[in-house]
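I'd like to ask some things about the structure below.
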Amino acid sequence: MEKRELTCIGCPMGCTVTVEMNGGQIVNVTGNTCKIGDTYARKEVTNPTRIVTSTVIVEGAPMTRLPVKTAADVPKSDIFRVMDVINHTRAKAPVRIGDVIIENVADTGVDVIATRNIA
Amino acid sequence: MKDYEIVIVGGGPAGLAAALSAKEAGCDSVVILERDSVLGGILNQCIHNGFGLHTFKEELTGPEYAARYIDRVLEAGIDYKTDTMVMDIAPDKTVTAMNRTDGMFTIHAKAVVLAMGCRERPRGALNIPGYRPAGIYSAGTAQRLVNIEGFMPGREVVILGSGDIGLIMARRMTFEGAHVQCVAELMPYSGGLKRNIVQCLNDYDIPLLLSHTVVDIDGKDRVRGVTIAEVDEKNKPIPGTEVCYPCDTLLLSTGLIPENELSREAGVEMHPVTGGPTVNESFETSLEGVFACGNVLHVHDLVDYVSEEAVRAGAHAAAYCLGNVRASRKEDTITVRATGGARYTVPSTVQCDRLGDLLTIRFRVGAVYKDAYVSVYLGDERVTHLKKRVIAPGEMEQVILKKEQLTAHEGLKEITVTIENE
Amino acid sequence: MYDIVVIGAGVSGCAIARELSRYDASVLVVDREEDVCCGTSKANSAIVHAGFDAAEGSLMAQMNVRGNRMMDDLARDLDIPFKRNGAFVVCIDETQRDGLNALLARGEKNGVEGLRIVEKEELHRMEPNLSDDAVCALYAPSSGIICPFRLTIAMAECAAQNGVEFRFNTRVDALLRNAEGNWHLTTSTGPIVTRYVINAAGVYSADFHNRVSTKQLHIVPRRGDYCLLDREAGTHVSHTIFPQPTAMGKGILVTPTIHGNLMVGPTAIDIDNLEATATTAEGIDTLIAGASAYVKDLPIRKVITSFAGLRAHEDGHEFVLGEPEDAPHFIDCAGIESPGLTSAPAIGEYIGNLMKEKMSLREKSGWNGIRKDVLKPVGIDIEKRNALIKENPAYGTIICRCETISEGEIIDAIRRPLGARSLDGIKRRTRAGMGRCQAGFCSPRVMEILHRELDLPMDEITKSGRQSVMVFGQTKAGGGVIR
């Protein structure tokens, strides 16, 4: 039996939620005050994901950096691989919000898209 | 220079929403004056997500949130001038501004909306002892350097203050290859959102040292290290707890201050707690026809609330210009008072007959309360008694009252917002 | 070979340089820092003292009173602000009155004009925020306030425009007098040969002196912490408020600055490290307690920055000016502590006259003692300002919001003689970054202007020279491929 402690991000309360696991199976979730904590903890221990936001170099614009984000969540463990690809990417103006800058970044199946309009 | 009925000072989230709302409310003569080279304000450098959940029911990044309003402003054909600094606002609402192409010019406005935002508290204001080398940045300045200019302000980083910008920058610097050693927070709780503590610090094993502060800065040229000590319940450093962190950068995220130099010089009355103007239910300041919204009024946690407030301020400014407002009468004024843990309220005064159907009162508390009640008294009568699991200084709170509740109370002079244990 | 090399580009060195620029002589000023005014001259009380507290008959008293009298003309010629706001030395109980009378008598002997004792009622009328305990004060109407950066920079620019050379980032490591009687200086930027050396090296002046003379000098760096308050607090007092002087100096004063801020300081802490300009928590606490004894309701929450400077305190508390008996062609300007800023013009004149006599220098034709400051658009009328913006649109862009400094002023500060090369250099010449946000908003923009004007890579732009870089290169290492 292993235990993992998490802070729930569902509300400012920030409950410390304990998840008991047995061979990858969730046995018990305790410490949460409401349902949100339970759902959050179960997802967080089995498949934690995050949106990654950063910038890429942009050419042909008065500014040198274009803000971007992953169009959907990527596995938490892939964040630095995603960042590595982002760091080695250049975009070219003009760019519109939502334009795909990197397809299927780091084989996550998720695109990296622009989050700012640059004429 | 062409005259406008409404001058909006600042083209960030507050100014954009106020301009749109003023136009929609029937005022066609609106101009936004923005000191930066683009509209959008500070949102342009807030490239992380988490904006707009209330307004758009989806999670946007700062530039995306700004773009939604910028696009609408452009569609509505609202005039704006960027790279334009407002130099003076006279009590008669003559606005003097300056830019490269127009030089110094004046606009004789009927109404002015203050939407200048806020600035960060600098190192000097914190009285941190030590040397004064390069490498001490407020978190927002570092954010601009990294996200807009594309430069790395540091490699080995210590952050003082756990405000949201500091937390966000801890992750951002980590993404760009810097090493963030820790975040020290003077208070026994963080001023930032829980979600940011988890996703910006815990995710990257960055320790959050509560009840700690920086007691010394070393380095004559560039920062060479900082000393962090634990503090006692009076926030005084405890001798013997000092730990040195070799680093080249200290980021400060220790609070935001509404930027009200123009308002003050115009003679607008200031609220001693918020650092912003005192306003009535219409977001009107002590100067008739001068309105305020967004972080220049009080520092917000969520941009959604900024936009919402600005919509109302803009509509009231338009109504004022169109002559649809009864002049305020001192004898009808209800005072809104914050007490017992609530630090301030916005608005500070209410004139019932100018209200719409609802009165939203926003406030912040001075400490963390668990299982406490937000109570509202009309005179001596308690009309709201709302149990909250947690109320924290980092989060803005609100209570909403119905106009009928107020009008039912004849001769009402005072509304009190307070935190009660039972 | 130079005729004269001045070591140190502080206020004394630059005052000397300006005086020497009157003559037909080749003069070089060297400084280890990247700019003028980087040592003691940059962190002091910024007061033009009246001259009542220096010992009677001392060189210090003589220079102080003379320097004070020279300041109006000098400030006019150099186009810098100077104001005689007057000073009070305040007594908070009757037992201090004797001390006050002694100070009055000394001041009169020193030749200070207009001194008088002001009694309680008048005192509180003249300065309402004095402590209620204040019973009387010595009033010195000739005391003034000035910007030490501006004064030093202006004198240096004036010297430069009259032919004096300046070499920065140059540390003098050794000096030897050769057989012909010339000085050979070994420096971090190469050797320099000169007929005369003037030692204006601040806290290092004893060090240089002791290398060439057996009559040793002893200088203790005396640290002074200061707090600078927002301009909102700038009118809390209108005069410079002193307690009674002690053996450690003039005490913790409260004063408006020439730029409209309020300043509190200094502490007086003798230390042994010539570089230790770090403030301490105790130092700041001492300031607040000390100042609060004389001034009530001190708005200490309005502090925008604190800093510390080192005064070069010589054991005898006297200026050391002139040639030591056993070190010919070596001229001391050592032990210059308060009232050094006030005295600088007089010290310049004194050393200038000394050199003229020693070297039989002849005045050159066409010497110009007038210098124009960075053009300030604030305050000029709207038509003239618009004409200026039309001619140079950079004056229409505000870079520093807090102090309302335009891009035009910043460019002027960079392009003028001995122009700014760092953020602090810009700050001292224009005040950009000196306001309440302490450069939070403007530093990225000032960096960009420095980068463009000086053609310096961003990662070589410094706060104040040497290794004080602002950024470490680009994010993404500037690399990346187009996808």
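Just so it is clear, A, B and C label the chains in written order, and each chain counts residues from 1 on its own.
Operating definition for what follows: a contact is a pair of C-beta atoms (placed from the backbone, for glycine too) under 8 Å apart; a residue touches a chain by one contact, two chains touch by 3 or more.
Everything quoted here is computed from the prediction, not taken from an experiment.
Among all pairs of chains, B-C has the largest number of C-beta pairs in contact.
Central chain (C-alpha centroid nearest the global protein C-alpha centroid): B. Between subunit A and subunit B, the centres computed from C-alpha atoms are 27 Å apart. Rounded to whole angstrom units, the spacing between the C-alpha centres of subunit A and subunit C is 53. Averaging Cα coordinates per chain places subunit B and subunit C 38 Å apart.
Across the assembly, subunit A contributes 55, 57, 65, 87 as residues in contact with two or more other chains. Residues of subunit B found to touch two or more other chains are 146, 148-150, 176. Listed for subunit C are residues 475-476, each touching two or more other chains. Every residue of subunit A that touches subunit C in the complex is listed here, in rising order: 55-57, 59, 65, 87-92, 101-103.
Listing the residues of subunit C that touch subunit A in their complex gives 475-483.
Interface residues of subunit C, counted against subunit B in their complex, comprise 227-228, 232, 275, 277-281, 283-284, 303-307, 382, 385-386, 389-390, 393-394, 396-398, 401-402, 404, 436-441, 443-444, 448, 458-459, 462-476.
Taken together, the subunit A residues at the contact with subunit B in this complex read 6-9, 11-14, 33, 50-55, 57, 63-65, 67, 69, 76, 79, 83, 87, 97, 115-117. The residues of subunit B lying in touch with subunit A in their complex are 44, 47-49, 59-61, 63-64, 67, 146-150, 172, 175-176, 193-195, 197-199, 202-203, 389-392, 394-395.
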